[in-house]
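What follows is a set of structures for review.
After this come two complexes, each holding chain A, first together with chain B and then together with chain C.
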Partner chain A sequence: MPHVKCLQCRECKTEYPIEPLNACEFCFGPLEVAYDYNSVAKAVSRKSIESGPNTMWRYHDFLPVEKESAVDISTGFTPLIHAKNLGRKLGLDHLYIKNDSVNPTFSFKDRPVSVTATKALEFEFDVLACVSTGNLMGSVAAHGAKAGMETMVFYPADLEQGKIQGAAVYGPTMVAVEGTYDQANRFCSELADAYRWAFVNINMRPYYAEGSKTLGYEVSEQLGWKAPDHCLVPGASGELHTKIWKGIEEFEGAGLIEKAKTKMHLAQAEGCAPIVEAFETGNNQVKPVKPETIAKSLAIGNPAAGPYSLEVLRETGGTGVFAYEDSIIDGIRMLAETEGIFTETAGGVVISSLKRLVKQGKIKKDEVTVAFVTGNGLKTLEAMGDFVDPIETKPQMNTFQTKLSKRRD
Partner chain B sequence: MATKRVKFTFPQELIKEPVIYKLGVDFGIVTNIRRADIRDDMGWVVLELEGESEVVEDGLEWVTSTGVRVDPIAGDIIEG
Partner chain C sequence: MSVSVRIPTPLRKVTNGEDKADVDGNTVSAIIASLDSQFPGIKSRLCDDSGDLRSFVNIYVNGEDIRFMDGMESGVNSGDEVSIVPAVAGGN
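Now for the complex of A and B:
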C-alpha cells in the first residue's frame, strides 16, 4: 500500500489515518482514500498493467490494499463487447457493453467487496458483514468464505427466497431484520457502532467504494488506452458513477490515457430517481424519495453519494436520465435479443435510458459509448413476469409444422 | 448516556418549525449541529444527539412523527 496517504473528509478535507472509519469527526462528512499520485505515476505503466493478472488486481497500484493479501475470487477484467446489433437498432456505430454480470457472483459488487475483504483482513477483523437486499449479500458471503472469515448478512425479513438462497449457499450467518425499511436501515447502522465487525458499506465504506474505480480503468484499457466519449452508469447510491469517473481521472493523471472528455451520464428508474430529479431541477441537494421501482438493486431513496454524483454529472456535461418503469423489461429483452446478454432490472434501466438519451440527441452516431451492465438477469427473474408464449404441440410432425407456419405468419 | 449521529431532512412546510430546539427543551437531549444546508424548498441538518438511550429514541420517534425524515448520517445503507 505504498501509494496511500490517508483518509480525507470529502467535505472539510480533514485528514485521518488509514483505519476503519467512514465519517469525519468534525462535520460527519464521508471519508475517502487519498493517494500520492506522483508515487502511483512512477510505479505504473501500460506495460506493467498489461503484464498483470486478468482480474481487477492488475490495477493494484491504484487500490488501498496490499496486493499480496488480496482476497481474490477472479473478479474483474470482464468483457467489453462491441454491441453492433444493439447499436444498429439504436443508431450508434460505436456502442460497447461493459458486461460486469459475469463476475464470480454475477454482479459488479465483487469489485468493491474484494477490496473490502482484503482490507478487513489487513485490519485483523474476524467478521465481515453487510446489510443488503440482493447482489451485495451474495458477494460478501462469497468473499467471506474465501477469506475464511465469519460472515454476517443482514436483510429485510420480507426479502424474496431466491435472493436469500443465493447468499446462504456460501455459509454465512443470515439475519432477517423485521420492521420497516427505515427501521432496518437505522438498526444496521447502529450495529456497526456496537460490534467490531467489518461492515462493508458502513465502517469500511471508504475502501469498499474504491473497488468500483476498476471499471473506469478497465474500460479505458480495453478501448486501447482511451477514455470513451460517453459512459452510461446505473445509479443507486451514486457511488458507482462517481468512482468510474475517479478511475478515468486517475488514469489520466498517471499519464496512461490522454485527457478524458467523457460525458458521465447516470440512469435511474422512474420509481426511484432522486439524483436525476435533482439534476433536472438544477438542485445541489438530493431530496429523499420512497422507492417504488421494479429495479430493486437501484432502490436507494436517500443516496449517500447523491451530491457527488450531481457534481460529476455537471462537471463532465453528462445527463441524468430515468427509465420509465414499463420500459425496464423492454430494455432487458432488447439487450438479450440483440447481443445475447441477459441482464437484471438495473441493466434494463440502463438500456432503456440509453434509448432515451439517443432520442434526445445527447449521444451522436459516431461517438464511443459505453453502457454498464452490472448484474445478471437470473437474479431478477420474478420481475420478468409471464412473457413466454410457447408453441404447444403434440409429438407429431404435421401438428408442429402447422403451428410453426401459423406463428411465422 | 447514548450518542447518535443522524441526518434530519425537512420538507418545505416544516423548515420554519423549531424541531431541534424542542428536542432540547421537551426531551432534554443535547444537540450538536455539525453541518446543514437550508434552502427555500427543503433543508437538511447533520447533528449529534446525546441523552439517555430511551429518551433519544423517544425524541427521534417524535421528530419522525412531525414529518421530518430521520436517517443515519451514511444515508441508505441497505444496498441491492
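Now for the complex of A and C:
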C-alpha cells in the first residue's frame, strides 16, 4: 500500500495511524483512508490496469492493502451488460446492467470483504466478524475460510433461508440476533469494543468501505474509459452509493477518464427509505425509521452513511427514489424475463425504481445509464411467493396437447 | 437513582479507560451533564456548541434509540442502561 498516508476524520480532518479504528475520538465522525493521489496517478495508466488480472485487484493501486497478500476468491470484473430488451421496454437506448450478483458469494459484498480480510490478516486478527442483512455474512464466512480465520456472523433472526444456509456452509459461528438489523448493529458495536475481533463493518469499516469503489472503476473502464450519465444504486446504509461515486471521482483525479457528469441516483424500498425521505423533504439529517420491507438486504432504518449519500445526491444532481413494496417482485420478474438475470429483492427495488425515474423524465432515452444489480435471486426465493403455475401432465401426448392449447388460449 | 452508561472506545481517553460509568439523572441530557461533571470534557465530545447531540453519536436507553423516544429529554429510570454508540457502523 505505497500510496496510503493515514486515516483521517471526514468531519474534523484529525489524522490517525493505520489501525482498526472507525470513529473519530473528538467528533465521532467516520474515519477514511487518505491517499497520496499524486503517487497513485503516477503509478496507474489505462494500460497498466488493462494488463492486470480480471478481478477487482486490477485496481490495487487505489486500495489500502498489499495486492501480494490479497485474500482473493476471484471477485469483481463482473459483466456490464447492454440491456437492450429491458431498455426497449423502458424507453432507454443505452441501459446497462452491472451484474454483480455473479461474484463468488453472489453479491457485491465480496468486494469490500476481500479488502477487509486482507487488512485483518495484516493487523494479525484471528477472528473475522460482521453484522449482516444477509449477503455480507456469506461473503465474510467465505473469505474467512479462504484466509484460515475463525468467523463470527451476526444477523437478524428473520432473514431468508438462502442467506442463512448460504453463509453457514462455509463454517462460521452463526449468531441469530432477536430483533431488527439496527438492533443487531448496535449490539455488535458494543461487542466490537469488548472483543479483539475484526468486525468488517465496524472497527474495520474504513478499509471495508474502500472495496466498493471498484464498482465505480469497473463501470467506467467497461464503458470505454468513460463515466456513465446516470448510475442507479440500491441504498441500505448509503455507503455503496457514496463509494461508487468516490471511485468515479478518483478515476477522474488520476486522469483515467474525462470529467464525470454522472447523476448518482439512489433507490430504496418504500418500507425503509430514510435517505430518500430526507432527500425529498430537503433535510441534511436522516431520520431513522423502523423498517418494514420485503427487501431485507436493504432494511437498515438507521443508515450510517446517510448524510454523505444525501450529499452525493445533491452534488451530482441525482434523485432519491423509492420502489413501492408491491412493485419489487415485478421488478425482479421484469429483469429476469427481459435480460435473463435473476436478482434478489434489492435488484427488484432498483429495476422498479428505474421505471419510476424514467417516467418522471429524470433519465432521457439517449443517455448512458447503469443500474446496479448487486445480489442473486436464489438467495431470496421465499420473497417471490407462490408464482409458479406449471402445466401438470401425464407423460402422454394427448393429455399434454389438450392442456397446452388450453394454457395458450 | 443510578444509571449505568456504556462508554465506547473513542471516549475512553476521557474516562481514564473506564468502559462503564454510574451516574444520576432522570433524562438523557441530565445524564450527560452528570457524566461531564465526573469526566470533564465528555459533553463537548458528544454534543455540538448548541447542546444538540452530534450527528455521528447515537444514544440508546435499554436498547431503544432516543430518536424514537423524546431525544435528549427522553426519560431514564434507576437501573436503566444507557449506551453511547458511534453511528458509523454497519451496512454496506
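Rule of thumb we're sticking to: the second predicted complex is superposed on the first by the 395 of 409 C-alpha atoms of A that agree within 3 Å, B and C clash if a C-alpha of one lies under 4 Å from a C-alpha of the other, contacts with A are read in each partner's own complex, and residues count from 1 in each chain.
Everything below uses one rule, namely that contacts are C-beta pairs under 8 Å (C-beta built on N, C-alpha and C of every residue); 3 or more make two chains touch, one makes a residue touch a chain.
Keep in mind the model is a prediction, meaning the values are calculated, not measured.
Going by the contact rule set out at the top, does A:Met264 touch chain B (first), chain C (second), both, or neither?
The answer is neither, since A:Met264 touches no partner chain.
Looking at A:Phe28, would you say it contacts chain B, chain C, both, or neither? Reply first, second, both or neither.
In the superposed model, A:Phe28 contacts both chain B and chain C.
Answer with first, second, both or neither: which of chain B and chain C does A:Ile294 touch in the superposed model?
neither
Taking the superposition as given, does A:Val44 touch the first partner, chain B, the second, chain C, both, or neither?
A:Val44 contacts neither chain B nor chain C.
Just chain B (first), just chain C (second), both, or neither: which does A:Ile363 touch?
In the superposed model, A:Ile363 contacts neither chain B nor chain C.
Check the residue A:Ile18 against both partner chains and state whether it touches chain B (first), chain C (second), both, or neither.
So A:Ile18 meets neither chain B nor chain C here.
Identify the partner contact of A:Tyr181: answer first if only chain B is touched, second if only chain C is, both if each is, neither if none is.
After superposition on chain A, A:Tyr181 lies in contact with both partners, chain B and chain C.
Just to be sure I read the superposition right, which of the two partners does A:Leu215 touch: chain B = first, chain C = second, or both, or neither?
neither
Return first, second, both or neither, reflecting whether A:Pro156 touches chain B, chain C, both chains, or no partner chain.
first
Taking the two structures together, which residues of chain A meet both chain B and chain C?
11, 22-23, 26-30, 109, 131, 133, 135-136, 181-182, 185-186, 188-190, 201-202, 205, 236-237, 285, 287-288, 300, 302-304
Tell me, which parts of chain B touch chain A in their complex?
The touching residues are 5, 9, 34-35, 37, 39, 42, 44, 46, 48, 69-80.
In the complex formed with chain B, which residues of chain A make contact?
11, 22-23, 26-30, 109, 130-136, 156, 181-182, 184-186, 188-190, 201-202, 205, 236-237, 283-285, 287-288, 296-304, 306, 346
Provide the residue numbers of chain A that touch chain C in the complex, in ascending order.
11, 22-31, 108-109, 112, 131, 133, 135-136, 181-183, 185-186, 188-190, 192-194, 201-202, 205, 212, 236-240, 285, 287-288, 290, 300, 302-305, 307
List the residues on chain C that touch chain A in their complex, please.
These residues of chain C touch chain A: 6, 8-11, 13, 19, 45-46, 54-58, 60, 63, 65, 67-68, 83, 85-92.
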